[in-house]
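Below are two complexes that have chain A in common, paired first with chain B and then with chain C.
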Partner chain A sequence: MADFLIAILQFILIITIAPLISGIIHKTKSLLRGSKGASIFQPYYNILKLFQKEVVLSKDASWISIIAPYIVAAVPIVLAGFLPVFNSHTLFSFNSDIIALVYTLALGTFFLALYGFDQASSFGGLGSSREMMVASLAEPALMMVIFTFALQSNSTNISTIFEHMHKGEFLQFPVSSIFALMALYFVIIAESGRIPIDNPETHLELTMIHEAMILDASGRSLALLEIGSFIKTAIFLTLFSNIFIPFGLYEANSFLAIFLGILIYIIKMSLLAVIIAIGEMSLAKLRYFRIPDAMMFGFVLSLISMIVYRL
Partner chain B sequence: MFSDFIELIGAFVLVLAILQISSDRLFFSVKVYALQSFFVALSIFVIGLYSSSNDLYISAFLTLLIKVIIIPFTLFEAIKEMKIKREIETYINITNSLMIISSIIIISFILTRYIDLGGEIISKKIFPISLSIIFVGAFIMVSRKKPITQLIGFLTLENGIMLAATSVTYGMPLIVEIGIFFDVIVGATMATIIIHHINETVDDIDERTVENFEE
Partner chain C sequence: MKDILNNIQKYCNEIKVKDNFITIKPRDIKSLSIHLFRDLDCDLASVVCLKEENDFVIKYLYSYNKKDIFFIVEQKVNNSFKSLSKEIPALNWFEREIYDMFGVEPIGHLDLRPLYIFPENYPKDFHPLVDSSLKSDKSYGEYEYKDIKAEGVYQVLVGPIHAGIIEPGHFRFSMAGEPILQLEIRHFWKHRGIEKLCENKSIDDVLNISQKISGDNALSFALSFAQTVEKICDIEISEFAKYSRMIAGELERISCLLVDIGGVFQDIAYSLGAQHMSALKEDIMRLIKKLSGNRFFKNFIVIGGVSKDITPFYKETLKVLNDVEERVKLFDNLMENSASILERFETTGEIEKDIAKDLSCVGFCASASGRFNDFRKIHPYLLYKNVDFDSIILQSGDVYARTKVKISHIFNSISIIKSSFKHISSMKEKEKVVSFSIKDGEAFGYSESSRGNIITFVKIKDAKVVRFKPRDPSFMNWQAIQFAVVGRTVDVIGDFPLVNKSLNLSYAGNDL
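So, the complex of A and B:
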């Protein structure tokens, strides 16, 4: 029973912290630019406000536009139940396979792309085709990184991999880990649409990828799509932080351990958010046709990570 | 623990060599080279701390002075003065180069498994890493069109040799290392002067124009 409660707590933690990451990134960027910036809780207010507004659909929209936002939001929410945050007991720990996690996330991306196409706006189609290209380029690198850690811990179960990493295996293969770390960072940037690949803050027609797909969305649909992308980012960052910052996965079930686990998790996520914000401030967005080069760089890094581990 | 740290620094040098392949701006290339040399200097310094040999401190200091400060500065000046296009032109595009590079690195890892390094070695992994840096440097030299990027390839190759020499064998005799430093600095200076002269006479420093000179 205690395990189940802990699992519920972890599930709720990932979902509630997801918009906060976006808020922290935004706030850090504002501070670095010298402006005051909105509160870090602004994404929560945005979502609340959007839920109160009505949905306006184009007359060309089909049933896809009605169901797609729900699927895009539901997929990451279900997958949040796969991930151990501060304890290895999760809601679906019996089958929390990391390959299943990655490919179920692709279902969300697929429906997001369909949503972009469905409303017959040219920007939506443009964004969808770009998003599919970035997703397909990011996938090999992500799989290679995952295979590296699956090989190291002899399992594809997320909880087993995290427990293995938390036993100090990170320093066992430093070269392999460094390459994997950088490759996974590239993948996270690409999948969550942050600056060198996509700029989440503008609505400039020529460059936007994620924003182009959700340009027609309004009200509840937009809120659901936003929630989906927030939780997706949170899932990737949780994966990253538990593999490469291996503190805070406790086996004990005491209240103190749980409290410390939550605290360490929030600190880790804020730290990663600040790092991403600084990265965004110091880089310019890549030209669209440079994206394959950048993603190939990530892929080569992940490939080398695996080779170095095996040879 | 110590050998892990050296391996880690070696990994950073290799990452920067791969980043060198994927860069398409001259200034960025030079910056990457400077950072890479800094990591090489750091590795020499750490090995010096470990084996407490004064020669390695001098070698680390010379690396820092020559490769992190003097050569990048000269290259920056050369690029600014010649007003050349700042985009790097390659024979093979960056995506394919990266694929080729990854196979080269895999091959160098496989090859070095069969080499038996006698004597006291700091880390087994550092040798394939430095070998791949040498190959990456050689690849940059053959795949780039402009002499100045080929020079950067040569310098990358030299960094690989330096890393291999110090981390596999605890450094060469100091006099040999000073000789190598002079070779590199003279080579870099001469190359920039020659590039400058080519630029003045033919208004273009593409390698292919030089090939048509013989008439």
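So, the complex of A and C:
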């Protein structure tokens, strides 16, 4: 029973903290630029506001536009139940397979791309085609990183991998891990649509990737799509933090351990958000046809990571 | 000078020389125009059509770039004239404009679709500068676009209503995947009828209107108009006023160029640079407010001089300018040392020298493409002869070159302001306005704004302005933008906003 409660708690934690990451990134960027910036809780207010607004649909929209936002939001929410945050007991720990996680996420991306096409706006189509390109380029790098850790821990179960890393195995192959870390960072930037791959703050429709697909979304649909992308980013960052910052995963069920786990998790996530923000500040967005080069670099890093491990 | 005149002699009936303006009545306008445009490598500066009793007079203004000379080619036409836009592509929009406004048809023009008088809004044969009364409110059709129709080619329509807070402009891309096959621009959505509005207005009224043509270039337009009027009326303004006007013009230039540079940083998602540039721009605007009482230098220029004495703010101006200089230098360095920024700027949106020549591009757009037509140097006005500055010319014509030219303009402006300010603060006699009387006549005048030269034509009769025709630099440069992005492998549609921003053209000045 205690395990189940912990699992529920972890699940809720990921979902509630997800918008905060975006808030922290935005706040950090604003502070670095010398402006005040919105509160770090602004994404929550935005979602709340959007849920109260009505949905406006294009007359060309089909049923895809109606169901896609739910699927895009539901997929990451379900996957949040796969992921150990501060304890290895998760809602779906019986089959929390990391390969299943990655490819289920792709289902959300697929429906998001359909949504972009469905409202017959030319920007949406552009966005969808770009998103699919980025997603397909990010995938091999991500899989390579995952295989590296799966080989290390002899399992594709996320909980097992995390436990393995937290027992100090990280230090066993430091070079391999550092390459994997860099590769995974590339993937996270690409999948969550941050600079230099995509610019979430832009108003220029012609340059957008993720934003172009949701240009026509409004009200509840937009809120769901936003939630979907927030949680997706949170899942990737949780994966990243639990593999490369191996603190705070406790087997104990005491209140102290849970409290400490949550605290450390929030600190880790905030830290990553700040790192992403600093990275964004110092880079310009890539040219569209440079994205394959960047993603290829990520793939090569992940490949090196695996080779180094096998040596 | 003599050689030039001798050469021209064979094309014309009559030559009049007044100051640096050579007025020519040609025998064969086509060969003369080609001689001026190609052999002498003049830029087309402006074209003005005037209605006379029974016919029309078209005046073509060419600017000679190697010496301080202008050529005015005059031709009298009835209800049609021979189009020269095939030989001189820069004439394209001017001829369409004349057709719209006066109903005088340029025969042989390849694209006579309406420029201002949209078929969706106006009846056929409505030519406001001849007769502005609407005889019916029936529209007569729809504007025809030249979309490419083929398998796999799709159209991306941007505007006229945009996501950002900018003016209206319709961009129509025919795309095959990411590369742009064709870009068609349709502008002139908010035509205000400024030329019509200024007919038979007093000079002060027109001066007031001229400041509202293009918001950020308010001072340059006023300056251009005031200088034209002063030329017609033989007003020689005081040295103090001349230096004051120069300082004002350069401050306006800095404020505009800071926005431009911030804009290109913003468009490549380098928000740190963008934020700093807009902060600096705000500093400059606050300084301008202090100097003149208005953030855009409105009402600073009056006929015969300037309205305010700016010398009490010498120290404050220096302080702001030093800060601007330091921080622009910092970001210039940052840009030069950042691979990720250079990667976006270099080779993006290249405008070739030939294109810049054919379309008579002006301002930093021309300087970045290896052509130079900074009127402050070529046709010095005010006291630009007395100040020392070097305008750089780059050849690559890309976003990087344009940004570099803008940065060098900022440094130039700062040094011009510093030396001019020093000059006027030590002056004992601070004569703001000279007394004058209004005379009749007509003339072309000009000033160099942040985007390039502004040409103004003014005709005064009985102390009223009967014809006012300003030409914004954007009117020349807008047509170059499609050549910067179409048919290129390095630039895809995602780069268009950056190219557009690097040219930072005015919609309002373009659409009078």
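Throughout what follows, the second predicted complex is superposed on the first by the 311 of 311 C-alpha atoms of A that agree within 3 Å, B and C clash if a C-alpha of one lies under 4 Å from a C-alpha of the other, contacts with A are read in each partner's own complex, and residues count from 1 in each chain.
Keep in mind that, in the parts below, contacts are C-beta pairs under 8 Å (C-beta built on N, C-alpha and C of every residue); 3 or more make two chains touch, one makes a residue touch a chain.
Since the structure is predicted, the reported quantities are computational estimates derived from the model, not experimental observations.
S.K.: Is A:32 touching the first partner chain B, the second partner chain C, both, or neither of them?
M.R.: A:32 sits against chain C, while chain B stays out of touch.
S.K.: Under the stated touch criterion, which partner chain does A:70 make contact with: chain B (first), chain C (second), both, or neither?
M.R.: neither
S.K.: Report for A:44: first if it touches chain B alone, second if chain C alone, otherwise both or neither.
M.R.: A:44: touches no partner chain.
S.K.: If we overlay the two complexes on their shared chain A, which of chain B and chain C does A:117 touch? Say first, second, both or neither.
M.R.: Once the two structures are laid over each other on A, A:117 reaches no partner at all.
S.K.: Between chain C and chain B, which one touches more residues of chain A when both complexes sit on the common chain A?
M.R.: Residues of chain A touched, chain B against chain C: more for C.
S.K.: Look at A:126 in the shared chain and tell me whether it touches chain B only, chain C only, both, or neither; answer first, second, both or neither.
M.R.: In the superposition, A:126 contacts chain C only.
S.K.: A:205 in the overlay: touching chain B, chain C, both, or neither? Say first, second, both or neither.
M.R.: So A:205 only meets chain C here.
S.K.: First (chain B), second (chain C), both or neither: which does A:247 touch?
M.R.: After superposition on chain A, A:247 lies in contact with neither partner.
S.K.: Which chain A residues come up in both lists, the one for chain B and the one for chain C?
M.R.: Dual-contact residues (chain A): 290.
S.K.: Along chain B, where are the residues that touch chain A in the complex?
M.R.: 4-5, 7-8, 10-12, 14-15, 18-19, 22, 24, 94-95, 98-99, 101-102, 105-106, 109-110, 113, 125, 128-129
S.K.: Quick check: in the complex, which residue numbers of chain A touch chain C?
M.R.: 29, 32-35, 122-123, 125-126, 129, 195-196, 199, 201-207, 280-290
S.K.: Would you pull the chain A residues touching chain B in the complex into a rising list?
M.R.: 171, 174-175, 178-179, 182, 290, 292-294, 296-297, 299-301, 303-304, 307-308, 311
S.K.: In the complex formed with chain A, which residues of chain C make contact?
M.R.: 154-158, 163-164, 177-178, 265, 267-272, 275-276, 279, 338, 340-341, 343-344, 348, 492-497
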